[in-house]
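Handing you this structure, nothing more for now.
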Amino acid sequence: MNAQVSTSADELADAVVAVEVDVRFAETDLMGVVHHAAYVVWFEVGRVAWMAAAGMPYTEIAAGGHHFAVTGIHASYRLSARFGDTVRIHTRLAELRSRQVKFSYELRRVADEAVIATGVSEHICVDLEGRMTKIPQTVADRLWAGAAALTRHPNEAASSH
Amino acid sequence: MNAQVSTSADELADAVVAVEVDVRFAETDLMGVVHHAAYVVWFEVGRVAWMAAAGMPYTEIAAGGHHFAVTGIHASYRLSARFGDTVRIHTRLAELRSRQVKFSYELRRVADEAVIATGVSEHICVDLEGRMTKIPQTVADRLWAGAAALTRHPNEAASSH
Amino acid sequence: MNAQVSTSADELADAVVAVEVDVRFAETDLMGVVHHAAYVVWFEVGRVAWMAAAGMPYTEIAAGGHHFAVTGIHASYRLSARFGDTVRIHTRLAELRSRQVKFSYELRRVADEAVIATGVSEHICVDLEGRMTKIPQTVADRLWAGAAALTRHPNEAASSH
Amino acid sequence: MNAQVSTSADELADAVVAVEVDVRFAETDLMGVVHHAAYVVWFEVGRVAWMAAAGMPYTEIAAGGHHFAVTGIHASYRLSARFGDTVRIHTRLAELRSRQVKFSYELRRVADEAVIATGVSEHICVDLEGRMTKIPQTVADRLWAGAAALTRHPNEAASSH
C-alpha cells in the first residue's frame, strides 16, 4: 500500500502552501497594473514553493532527469495587482496521477486579503528528451507524503524571495 | 441595424489573421524549449495583429481611453517551440458582446505546420481608471466591420516584426 | 545647510541595502542558467529595496508625479546563476545630483557568497509626461537622510519576496 | 592566410545588419513606455539576426556545442519607445578575438529614424558545461567571411518576425 491510497482529494485540498511575491516594476504594463503573463510566472513560483515545502524540491526532480512540462494553463483575473503590492500565492496539488500532475492557485493581495486571481496548471512528466513518461515512483511517493505532512502541519506564508 | 447583426459567429470563424514570430533566445528556459508564459505574450501579439488587420488598431482604442483588460487565459500546449523556430499565430475574434470580447488562437510551427498550442483570451472593456464599461459603439462597429472584411479577403501571414 | 552637505560619497558607499531573490524557473534560458536580461530586472528590485529601506519608497516618488527614468545600464557578469540558487542583491546609491541619480549593484550567490555580477544604473528624473526635471527637493532630502541612516544602521538582508 | 587578416575593424563597421521589432504590449511598464530590460532582449534579437545574415546562424554554433555567454552589457537610453512603435535594430560585430566577441547596437524608431538607444554586448565562448574555450576556428572563419560579405552587400532591414 502506498501513500497515494491514504491521501484523498479532500486531504489534498488542505495541503496548501503560501508564498509571497512583491510586484516588480518590470511586471507592470502601460495600463499601470501587472501584466497578465506575470501571473503565469507567479503560478510557477507557487508550485516550486509547494514542492519545496512538501520535501520534493523541483531541482531534485530535474536532477533526476525529469520535468513537469506544462500542458495547460487556466487563469481567471479578478482584480489588478499594482507596483507596491505584495501578493500571496496559495498553491495546492490538485491532482496527482501516474503520468500527470495538476496544481491550483489562489492569489491574494496581502494588504486586504482580496483574491485577485485563481488558476490551474496541468503537467505531464517528461524525460530530458521531452518524451512523456511515468512520474518516478519515488517522486510520486514523496509528493503524496509531503501533501499528507502539509495537511497535518500547514506552513506559514514564506517569501519566495 | 448595425454591423453586428450581419456577422454571425460562423463568419467570425473565417476572419482569421496570421502573424509570425521568431522564437527569441530569451523566451527559452532550462528545459531547452520556449517557456509556457511566452505563449501568453504571443497570444497578445496575435490579437494586436488581428485588430490592426481589422482596421481597429489597439493603439486607437487605448488613445480613446479604453482597454481590453484580460479576465481569462486558457492555453493548451501540445508541442514544444524551440529557439530557431518561427511560429505562426492564427487569431480569431471568438466573441464580441457589449462589454466583453474573446479571442482564440492557434499556434503553428512554420517549418511543418504542426499545431503547437491553442488558446483563448477573455477580456472586459475598462476605462483608464480600470472601471468596467461598455465597448464604445464605434469600436464595436469597426471590429465587426473588420471581421466582415477579413472574412471576404483573408490576410496573408504578416510578420509581427 | 541641507543633508547633502553632510553625506560624502564615502559615506554613500556604506549605505548598502541587501535583498534576496530566489531564481525563478522562467528566468532561465536554454543554456541552463539565468538569462542576462533577468539581472537587469534584479538591479531594479535592488534599487526599489534601497529606496524603501532609506525611507523614500519609489511608489511615493511616482505618486508625486516623478519617475527615475533609466538612461544607462552597465552590467558585468562573472558567474552563472542557476534555478535553485538564491541571489543577494547589494545596492548602493552611487551618486545623487540635482537631476540625476546612479545606483550600483553587487550580486552574490547566497550559498557561497560568490560575486556573480556587478552593475550600475543611471537615471534622470522625469515628470509624468517624460520631460526631464529636477529631483524634487523633498525627495532628494529624504534619499540623503535615508543614506545617512543606513550608514549608521546597516540593514539586514531582507527578502524582496 | 585566413579571412580574419583581410577584414579590418573599419570593415567590420560597415557590416551592419538591420532587423525590425514591433513593440509588444507586454514590453511596456507603468511609465507607459518600453521597460529598459526589453532593450537587452532586443540587442539579442539583433545579434541573432546579424549571425543569421552573416551565414553563421547561432543555432548552428549551439548545435556544435558552444555558446557565446554574455559577460557585459552596456546600454544608453536616449528616447522612449512606445507601444505602436516599430524599432529597427542595427547590429555590428564590434570585435572578434580568439575567445571573445563583441557586438554593438543602434536602435532607431522607424517612424522618424530617431536613435532611441545604443549598446554593446560582450561575450566569451563557452562549451556546454559553461567552461571558457576558444571560438572554434570554423565559427570564427564563417563570422569573418560573413562580415566581409555583408560589407560588400549590405542587407535590407528584415523583420525579426
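Observations on the model:
The letters A, B, C and D name the chains in turn, as written, and every chain counts its residues from 1.
Here is the rule we use: contacts are C-beta pairs under 8 Å (C-beta built on N, C-alpha and C of every residue); 3 or more make two chains touch, one makes a residue touch a chain.
Since the model is a prediction, treat every value here as computed from it, not as a measurement.
For the pair chain B and chain C, the fraction of shared interface numbers is greater than half, so the two copies use mostly the same residues to meet.
Chain centres were defined as the mean of their Cα atoms; on that basis the chain farthest from chain C turns out to be B.
Centre-to-centre, using mean CA coordinates, chain B is 37 Å away from chain C. Averaging C-alpha coordinates per chain places the centre of chain A 29 Å away from that of chain C. Counting partner chains per residue, chain B shows two or more touched chains at residues 25-26, 30, 33, 37, 41, 44, 62, 83. On the chain A side of its complex with chain D, the touching residues are 25-26, 28-30, 32-33, 35, 37, 83.
Partner chain D is touched in their complex by these residues of chain B: 20-22, 24-26, 41, 44-45, 48, 57-59, 62, 83-84, 86, 159-161. Within the complex formed with chain A, the residues of chain B that make contact are 30-31, 33, 36-37, 40-41, 44, 62, 67, 69-78, 80, 130.
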